[in-house]
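As structure tokens, here come the structures.
First chain A sits with chain B, and in the next complex the same chain sits with chain C.
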Partner chain A sequence: MRVVVVGAGVIGAASALALARAGAEVVLVDRAGIAAETSSRCEGNVLVSDKGADPAVRPEAELAIASNAMWRSLALELDAERGDGPATELEAKGGVVVAFPQGAAPLTAFAEGQRSIGIRAEVVDGAALRALEPHLSPEVELGVHYPDDAQVQPSLATQSLASAAMRRGARLVLAEVTAARMRGGRIVGVETTSGAIDADAVVLCAGPWSGEAAARLGARLDIRPRRGMILVTTAMRQRVFHKVYDADYVGAVGSADAQLQTSTVVESTPAGTVLIGSSRERVGFDDRPALAPIEAIAAKAVRLFPFLAETQLLRTYAGFRPYAPDHLPVIGEDPAVPGLFHASGHEGAGIGLAPATAELIAHHVLGSATALDPAPFLPGRASLAEVAA
Partner chain B sequence: MSRRHVVVLGAGPAGLAAAVAALEAGARVTVLDEGERLGGQYWRHHEAITDRRLQHGWERFERSRDRIAAGIAEGRAVLLQRAAVWRVDVEPLRLHALVGKPDAPGRRRVVVRGDALVLATGAHDRALPIPGWTLPGVTTAGAAQALAKRDGVTVGTRTLVAGAGPFLLPVAQSLAIAGARVVEVLEASRLPRHAAGWTARPWELAAAAGKGLELAEYARSLLGQRTPYRTGSGVVRILGERRVEAAVVARLDRAWRPIPGTEREVACDSVALGHGFTPRLDAAIQAGCALTEAPPGSPRFVVADPDQRTSVDGVWAAGEITGIGGADAALAEGDLAGRSAAGTPHAALAAARRRRDRTDAFARRLEAHAIQDGWSSWLEDDTLVCRCESVEAAAIVRASGSASRALRLATRAGLGACQGRTCGSSVEALCGERLGLDARPLLAPMRIGELLGGSEATA
Partner chain C sequence: MSPTFEFDGAEIAARDGQTIAGALIASGRASWRTAAGAERGVFCGIGICQDCTVTVNGAAGVRACLRTACDGDVVEPESR
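Showing the complex of A and B:
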């Protein structure tokens, strides 16, 4: 069985690996290269802390819990295969979500819900909180420690996933997919800028461009870009030890508001730089460095860690989170185009959700076994159709 | 008379000439430069220390400075020194600057609005990586020159000057005047036949471009010191335990590949490396100006029309960012850009255009010194190319097959403190691919706290 995977971001690379492992002949097609887009313009958080237990978002929380565990074993395997240095830079450092006085009650309530679905979330305050993060502002009243939050270096991890797929026979084609090849109402391949590729199935992992790419393949999918900006400091002595967020992070993820929103996420990388993210804005694919989000992120970061005021800023970057109207990933066969499978709409969690998404894709395309529940992510779900109509 | 407000970024020869010309044309002018003193690279100086023999065209500098001072007195000019411009918006035109000593707290955040912008951000000097180039005692030719000119300090007592281009000559002279012994000057290019005389009498060739006098002086000072000037030669390895003790010098072929068997050791305690200049394009890129095409590793420049207008409405460019042409070209371009930006019509600029065109000869002459691909063959696997992040040549070559941004992140080459200002072109040359290392969202380093608390505006 031959499968064309469109897009070599983290979702396409992980899917290619899962499919190749399950015995498919994989052709990975990307117009820009491996990890050339969103998967290298993001942070590599593999989180459970930001996933809520509300019924509307609970499926994603469960996917995230499973995917978080998968990343750990995958990272070990990829490291062993690569042999010459870390393949993902997985760091299981844990996260700390903190609240200023007004925010303490909602945060502890949120954490309680999370514990009920199996997320480890320990409320910490006073000396225990300062022991975790000694440089936090004295204004911070309370925190929740999530020992299972982790991070990977996203572009490196994506490349390692793609390389592992290629070692199992996957082929990389650098070309743009322009149209579908159809026979008897089924997709049987793609047209690209460097020729046609026949396939028994096509998996579309085009990130924020998935809507446009789906249209080229004769399908309808409502995926849009939501810009995020990140600040990077110069390398310094480590003073931030976990991923530290303020509690408004939780509110911004599910919000439908188009306006600029920020919630601070501060973390240090193995290179010694501190990454400060991030904003959420609906401004199409505009990647000019905007001023307002940078200022807003900076203000919140300094409120969390006052020492950051004196820290040198090196650069900023922007990426586009691919989001679906109901804020859940879209994983499964297209209802109108048999043979076409979607894996997109991961919004701000595509890195974390990649291994579980790949397992679901292997399940849908090849019938491989999975313990995950595919139903909430199917492209034909009601919450997608309503808004797209 | 013009009623425009012309904002000039950069107070080197090009920016100063633009500011003076715009004032003459009646405009209001604001000049911003991050330096402590006016003059840019060419007129880098210190009031008390700088040896006058090291300054050329100084009267022109003084006239420009005085004209701007007069403009300030008339209330038509504003000069912001130690003003690091970290962001340029063009719609509407706004320059965001931090004013004050870079490492002191309490820099002022200022936003300058205007009707027209002249970009005159100049160039950095470029040094190619060479095994051993991270040893103490190795500097860029520009840094050696700056120390000598501004601070009267030398980098060592026996200095080898190596690289490409006529700039090596003033560097050698400055070092000599500041008290160092320049053991050799090595020019990597084998100058083409029509320029062969450059070798014997470097001063004659540039006479047409008005550089004659200046270069003649440099050559005299070399002769006085009995310093050999060798073309088709370069440093291929720098030796030393804790600092520079010697350098291996070899003949280079036309592509700048070392010729086996020609290596010899030269005793020295310092090496000044200069392989030409890299234009400071980041402000122009942020403004959206179109650039020329060039292979990875070779400089691109801002595209300018006959009146120095860029592709972006309301933005002009002058000096090294439009092509490496030296100070005379920068002055002539700045003059033209300043007049045009102030609103002088094309037809009234014929004389200024002719003055600018006369400087082209020297710029063309410089092309004979362009960096050739073969330089990478003197690298060792473990030669550091990106010094900020300690990335070795082999790692960059290995990663060169992968997609652009992913590669940058994976090797970290060009991502360190200098943001690719030093190594960007070399990294791109080794990758055989442009990585966008010359585009910077922040044009100058700043503290996070400096983004808070709003800014004062000047109109």
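Showing the complex of A and C:
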């Protein structure tokens, strides 16, 4: 069976590997290259801490819990395959979500819900919180420690996934997909700027461009871009030890608000830099530099870690996060175009959710076994149709 | 005059107007910082790469390739 995977970001690369492992002949197609867009313009989050237990979002929390475990074994396998250096730079450093006094009660309630679905979330304050993060502002009242939060270097991890797929026979084609090849109402390949590619199935993993790409393939998919900006400091001695973020991050990701929203996410990298995020703006694919999000992010970060006031920024970068109107990933066969499968809409969680998404794609396309529940993510679900109508 | 400065406990002689990085290289040192367990020193030499940073008189993150060595400076290596 031949499968065309459109998009060589983390979702496409992980799906290509899962499909190749299950015996498919895979052709990975991307117009710009591996990890050329969203997967190299993010923070590499592998989180459970931002996943809530409310019924509307609980399926994503369960997907994140499963995917978090998968990353740990996958990282070891990819390291062993590469042999001459780290393949993902997985850091299982844990997360600490913190609250100023007015945010303490909502945070502890959120964490209580998370514990009820199996997420490890321990409330810490006073000396215990300062032992985890000694340089936090004294204004911070309370924190929740998530030992299972982790991080990968997202460009490297995506490259390693794609390399592992190619070692199993996958082929990379640098071209833009322009149209579907149809026969008998079914998709049987794609037309590209480098010619046609026949296939038994097509998996669309085009991140924030998935809506536009779906339209070219004769399908309708409501995926929109949201711009997120990240600040990078110069290298310094380590003073941030976990992924530390303000509890309002959870609200910003789930929000439908178009305006600039920021919430503080601070973490150090093995290179000594500190990454400071994050913003959410609905500005289409506008990638012009913008000062407002940088100012807002920097001001909030200094409130969390006062020492940052004395540091210098090395650079900033922005990426487009793909989101669906109901804020759940879209994974499964298109209801109108048989043979076309979607894997997108992961918003800020695509890196973390990639291994589990890839397992679901292998299940949908090839019938591979999975213990995951595919139902909440199907493209034909009511919560997507209602918005599109 | 030829300034001398202290680096990691050693006395380093510099030429007048020389950068800290220049003097450290002249003293036989190719690297003086670590990041992710790897050795770092002058990579670009023009103030862009941030790989040669040192702490000078208590101020962290000073680019050794841009900073002129001054008599009596106390220079410390950095690591992550």
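Here is the rule we use: the second predicted complex is superposed on the first by the 389 of 389 C-alpha atoms of A that agree within 3 Å, B and C clash if a C-alpha of one lies under 4 Å from a C-alpha of the other, contacts with A are read in each partner's own complex, and residues count from 1 in each chain.
Basically, a contact is a pair of C-beta atoms (placed from the backbone, for glycine too) under 8 Å apart; a residue touches a chain by one contact, two chains touch by 3 or more.
Fair warning: this is a prediction, and the values are worked out from it, not measured in the lab.
In the superposed model, A:Ser268 makes contact with chain C only, not with chain B.
In the overlay built on the shared chain, the residue A:Leu231 is in contact with chain B alone; chain C does not reach it. After superposition on the shared chain, chain A has more residues touched by B, the comparison being chain B against chain C.
Shared-chain residue A:Gly33: touches chain B; no touch with chain C. By the touch criterion stated above, A:Leu314 is placed in contact with chain B and with chain C alike. Judged by the touch definition given at the top, the superposed model places A:Gly169 against neither chain B nor chain C.
Shared-chain residue A:Pro289: touches chain B; no touch with chain C. In the superposition on chain A, no contact is made by A:Gly23 with either chain B or chain C. On chain A, the surface patch touched by chain B in one complex and by chain C in the other comprises residues 234-235, 271, 311-312, 314. Residues 87, 89, 96, 105, 286, 389, 402-406, 409-410, 412, 415-417, 419, 440-442, 445-449, 451-452 of chain B are the ones touching chain A in the complex. Residues 32-36, 40-41, 153, 155-156, 158-159, 231, 233-235, 271, 276, 289, 291, 294-295, 298-299, 301-302, 308-317 of chain A are the ones touching chain B in the complex. In the complex of the two chains, the chain A residues touching chain C come out as 234-238, 268, 270-272, 311-312, 314. Remark: chain C residues 35-36, 50-51, 53, 60-61, 78-80 touch chain A in the complex.
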